[in-house]
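Consider the two complexes below, in which subunit A is the common component and subunit B and subunit C are the respective partners.
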Partner chain A sequence: MTEVQLQQPAFHDSRPGLVTRLLTGAGLIVMVYVLLYVLYAVQQPKALTSYSIAALINNTAPLALAAAGQAIIVISRGFDLSVAGVISICNVVLAVYPLEGPGGAAVSVLICLAIGAAVGVMNGYLVAVLKLQSIAATLATMIICQGIALVILKAPGGSVAEWISYEMTDRLWGVIPVSGLVLSAVLLIWMVLRRTSFGISLYAIGADESAAALSGINTTRVRLLAHVVAGCAYGLAGFMLSAQTATGNPSAGTPLLMLTFAAVALGGTSLSGGRGGIFATMAGAATLTLLQKVLFSAGIASFYTGMFQGAVLILAVVFSAFLVRLGDRK
Partner chain B sequence: MFDNQPEHSIGGTGADRAALSAAGLHKAYGATVALEHADISLVAGKVHALLGENGAGKSTLVRILTGAVAPDAGGMMLNGKPYAPHSLLDARTRKVATAFQELSLIPNLSVAQNLLLPNLPRAFASMVSTRRTLEAGAEILARHGLDRIDPAAEVGRLALADRQRIEITRAIDNAGQVLILDEPTASLAETDWLFDQIRKATQRGVAVLYISHRLAEVREICTEATVLRNGTTIASVDLGDASDGDIFEMMVGRKFAHQRKPRVMRSASGEAARLAVMDLCGHDLQDMSFELRPGEILGVAALEGQGQQELFRMLVGIERPHSGRIEVDGAPVKFSGPRDALKIGSGIAYLPEERKTEGIFSGLSAATNVVLPVMGQAARGILISHGREISVAQAAADRVEMNPRYLSFPIGDLSGGNQQKALIARTLATGAQTLLLFDPSRGVDVGTKQSIYAAIRAFADDGGAVLFYSSELPEIVQLADRCLALYGGRITRRFKGAEITEQSLVAAMLGHVTPEITEGVLA
Partner chain C sequence: MTATSKTAPPETGFTQNGDTRGSARVTRETVSTVSVAILCVMLLLSARLINPALGSWSQVETVLVLGFFLVVLSFGQGVVILTGGLDLSLPATITMGGILATSWVGAGNPGEWYLLPGVLVACGLVGLATSAGVIWLRVPPFIMSMAMSIIVASGLLGYTRGTPRGAAPDAAVVLMKSHVFGLPTPVVALVIFAIAGWLFQSRTVYGRYLYAVGTNVDAARNAGVPVTLIRILPYVISAVCAGFVGIALVGYSNGATLRMGDDYLLPSIAAVVIGGSSILGGRGTFLGTVGGALLLTILGTIISALGLEFGLRTIIEGSIILFALLVLREELFQKLRSFGR
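== the complex of A and B ==
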């Protein structure tokens, strides 16, 4: 009995405190989001209606999904620029070859996932097998993808299948936004995924690739798979973006590229790998989108949005670094 | 000629009792021959030592045995069957496991996950069962006397010594046949736990390969030893029959006198202290006061984490003291960083603790690494001249007996010993008159140690002042003119000349404060 009592304190010292964990993980960004939402609701009393909540989630979905894919790559200590290319290709394909009806939508989703997976395989081959630096390899695939998107659709135009652009932005029973369900499904998949060997290995290679290899993890396979999974997330982002815009644009993905990194960083995922998660990243993406809305409803011209987003990013990163240091001091 | 050795010689006369034997192993990386011709034979249930200087090929031999690299020539047998692992995991399935010197643990995973990777227990939907992972981890920890460690704790948050214990535990747990321990005591303060675990393993019939620079440890736990020199097996000996002198001779090819070399100190009393520290406090340090005079070598003896890191880092301005004074050449100073410390007064040069992360720039040549703080000397106009870089580096390299042909190699490709020589050459090249050396011979072999000691002595003989910390007591005994023992951030005792013996140092390091502080608090 006494032995057990002696052991207890040693156990507790090795884990960070509850407050630190809440503030450094998803907790911080969720708090920021809630604060911002309160601000938004004060400005716009309509913000609490199910219609504007759905509209907000619709706006959030493409960035949240793209950032989720990016987070998977960043956790494994990499960068993926091809996100912009994949979204652009998906968008122009859906606009040039609209497939009507629920069946058409299902085929469209599969096409988007396939495009993402194919680019992911290519990225994975370059990064995991040929051991190229991820930023260089995915820069190349991004440029190639942008080129392909331009070949499919020379100038903005075309129109996405009505069923997709209508149903995917709608609310079920007038309450639950479909895009919210898509995000929840992706989160659910991630929660399972991160508890599989693949998920654990992902964090392991992000923290220390050589130690992971010495521990018997097949780092090549994990990295390749990570790019494929991320590619599928980008494909889904492209699908949701098309549903949103209802039209095609060969450079549709470009504005999202840097924002995915901002969302990842806002969510507290370390850009040096091994830490972070998808939920916090999605919350980061949601915060960036909400910030846009708040600024818009406050009557601030949209060209100032970028400056505010950047400032919020710096504040969040500085604050979380400060909290981490505080946690280490103790 | 080695290639012609008949196959049946593998394992030699004891082929029936050898658990793992290797013969004629050869490995070259490009033009560099890492392993010329190595033979080794491990016996089940026995602990076998692998000895050799840094760069003798020990690491390469270990990598071959563990399947991390494939040999260019030679063969291995495991329990009478050919053994050619193509990966670490492959070796592990043959029940050959290794605890690496540069720990192979993943910092952001839990202790249990690290112990069980890559085969974590599954729950439904191919998800990993957290509960069963923790249970299995706790069971492994308990079996190896580590039940005080929480299996759910993140490895990165554990103390270095515990991380090393986890690394060793994982290897022992996977080692059904052969256990390879590469410098297992590098971060362990005591060996009792380790030796208990090794004995338990040998009782199960595991053959153990034990690699360490510490001969006393090797003698305690090992029965046989194989000595490597320049990539070739010099001999396999029964440790009972070989004296330390014999072993050193086999390792380096010459005998060393390991006694303390009496140094004639320059009459220092008249000169101002190069470095004087008064009532220095902060970062766990309390009332630190001492002086370092020209021509003097002052040692710091302490267990891990008694404030020595903070002291050295404060003396070059990496950390700031809360109170107290630092004087250089009689004038009070405040450093803003190591660059500043180099320029103040007669200059202070610092050799940091972590060679890999704080010392070398692995992609640059050894010469560039040496001349880095004094780039200006190697420049013609604004451009660095390769020829001048080599000649400036050469002068410093000679002082540490570093082979000049290594200067143009990327420093990352050199052995640990040569990297350390290059770093000491760097501090000498700065022209600073005071050196702060933190563990100057950390992880280097006997031969390199002697070269480093000679360089330090020569520097002091020329009027330089040296403050050094060492984790090895014999080093302090051999090198220091005076010595400070640190415990809990305080100086517990000061020693002078012949008073410096291992026994007295140990007592002071463990915090036995004695009333014989004769020098007074302020000199």
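== the complex of A and C ==
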């Protein structure tokens, strides 16, 4: 334990300069997003109408929410692969048991949150209490969840309640997209959460677990809670995805798995824990979604979208690691 | 992460951490290899109870033929895991091997003796790109291999325009469909591969280097291990193995599909973990992995003979991985050892 502390450099100032803060925080990714949006608007002048902005936010919401959950785990220095499984289960449940009306939608949200929380408790128990490697443990839970999704719905089909698929993708007063409100609400919750002792402990554990434990943080409880919170975010992501696709698919969540890591990395959250935030992650998710649109409107065959996504993922990780090192050198 | 899994409870630390330097590896690895092998035999025998057709010699042959794919794959995956990485690009490289084998080589091509190795080289280059990213760009292994997987899969999708064409190369058909000494060739190949893989991993200098790098990179470098080479090698080996399995699969089913590799990623990791390797690297034997791969194949055949639906099969697979992880937990082994004395 002493060795670890000796190797640590002296604590640098916790408030870095303005330039670094712009580069390492959400500033950079927001700038990238704006640039990409300008490019998109030049290609497609109708991109600036409230209809297409709402459509874009609708497309972004599932990934942004899933990535937000992933970011919470990554900040505490872990990886969560179960995100794909939770989203798939929520999607098939909503498609097989559609509940109409606003009341049905409320119950559906609660069901999704409960599914996410249940899987989160399981992950948390495996990772925090039994101390299994987070990749390996969540890999197992992901497979189990995918199996459950397949048991509920064998092949793509079913349909999500109309109220959900219509209202959740609509605009309030013809302007404000509902999905945008959901994202803002989650962001607001996070802003409160990160100021609680849970939020602070989360960052502390990610930066140095044994130091955090020595300073009296109950690391087991915080990790467990982190997985439950993340699970709820995945559940919400599953809900928003179902609203958008309006149909069920037992492997609905799989394509999002890699993209959540890409969004987290793009948002400047260090994959080795202790740094990052939800807003930047959501901006990263939005950038990835926008990138697909830009590529599509630039006439690049959808076959090759994966190539760009993969390249962006690698670049994002390399670049965020570079910025972190730059920040450390000061 | 490493720190948490290795901390022993302080109050019992003195009694548990006696001198177990030699016994630790022997106990853990031999125990898991032997128990997996016993489990395999028991499952095969008990399968007769479910269905009399199971457990017969022809059934064993089928298991071994199907197990050949997984054994080769999990050798590559095992070498990567041994050095502390994880290769998620297997599905894409399997598909790449299969698609290149059908579209570049195809049936009745006289140039297959140099084209098929060419396919393996192409797959090896994918592995090289993965290790370059992991070593020099310092991208976490699973992110890097996941990204490579997406890139290669999308490249293949574009290359084939969604519909792979062509038939299996003759050599691949011969490998999968012929018989040697009255046994199917894949079974003989499986035995040879298992012995060769075990010799490489446990008895050659390079094999031991892999353990050294997986246990502690800095210590290995100080001890004079060519660390960079040893860290490049695993992903290349894994990609070449996957490409080979792609070719073999094409010979088995006489055609390539874009999703032919998808069902092999999770079993390849599971086989390594069940075989007693640490997912953190530095520990495990190839013979254990072979046992794990065969165990999974046997389970797969039994489950499909039971007529369980795909979802339930998936749940069982996941639970097996979870079970293996729980059983192989560090603390449990420590407990077992402390009971022993």
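In the analysis below, the second predicted complex is superposed on the first by the 297 of 330 C-alpha atoms of A that agree within 3 Å, B and C clash if a C-alpha of one lies under 4 Å from a C-alpha of the other, contacts with A are read in each partner's own complex, and residues count from 1 in each chain.
Definition applied: a contact is a pair of C-beta atoms (placed from the backbone, for glycine too) under 8 Å apart; a residue touches a chain by one contact, two chains touch by 3 or more.
Computed from a predicted structure; not experimentally measured.
K.L.:
Mind working out whether A:R77 is in touch with subunit B, subunit C, both or neither, as first, second, both or neither?
P.N.:
second
K.L.:
With both complexes overlaid on chain A, does A:L313 touch subunit B (first), subunit C (second), both or neither?
P.N.:
The answer is second: A:L313 touches subunit C but not subunit B.
K.L.:
Would you sort A:L214 into first (subunit B), second (subunit C), both or neither based on which partner it touches?
P.N.:
After superposing on A, A:L214 lies in contact with subunit B but is clear of subunit C.
K.L.:
Applying the document's definition of touching, compare subunit B and subunit C: which contacts more of subunit A?
P.N.:
C
K.L.:
Looking at the overlay, does A:L288 come into contact with subunit B only (first), subunit C only (second), both, or neither?
P.N.:
It touches nothing on subunit B or subunit C.
K.L.:
Quick check on the superposed pair: does A:Y304 touch subunit B, subunit C, both, or neither? Answer first, second, both or neither.
P.N.:
In the superposition, A:Y304 contacts subunit C only.
K.L.:
Look at A:G147 in the shared chain and tell me whether it touches subunit B only, subunit C only, both, or neither; answer first, second, both or neither.
P.N.:
In the superposition, A:G147 contacts subunit C only.
K.L.:
Which partner does A:K131 reach: the first (subunit B), the second (subunit C), both, or neither?
P.N.:
In the superposition, A:K131 touches subunit C alone.
K.L.:
Can you list the residues of subunit A that meet both subunit B and subunit C?
P.N.:
210
K.L.:
Quick one: in the complex, what on subunit A touches subunit C?
P.N.:
4, 77-79, 126, 130-137, 139-152, 154, 209-210, 219, 250, 258, 261, 265, 271, 301, 303-307, 309-311, 313-314, 317-318, 321
K.L.:
Given the complex with subunit B, which residues does subunit A contribute to the contact?
P.N.:
So the residues of subunit A in touch with subunit B come to 7, 10-11, 14-16, 192, 195-197, 199-201, 203-204, 206-208, 210-218, 274-275.
K.L.:
Along subunit C, where are the residues that touch subunit A in the complex?
P.N.:
1, 3-5, 7, 86, 133, 137-140, 142-144, 146-151, 153-155, 157-158, 161-162, 266, 269, 273, 279-280, 309-319, 321-322, 325-326, 329, 331
K.L.:
Across the complex, what residues on subunit B touch subunit A?
P.N.:
Result: residues 88-89, 92, 100, 103-109, 113-114, 117-120, 125-128, 130, 147-150, 152-154, 156-158 of subunit B touch subunit A.
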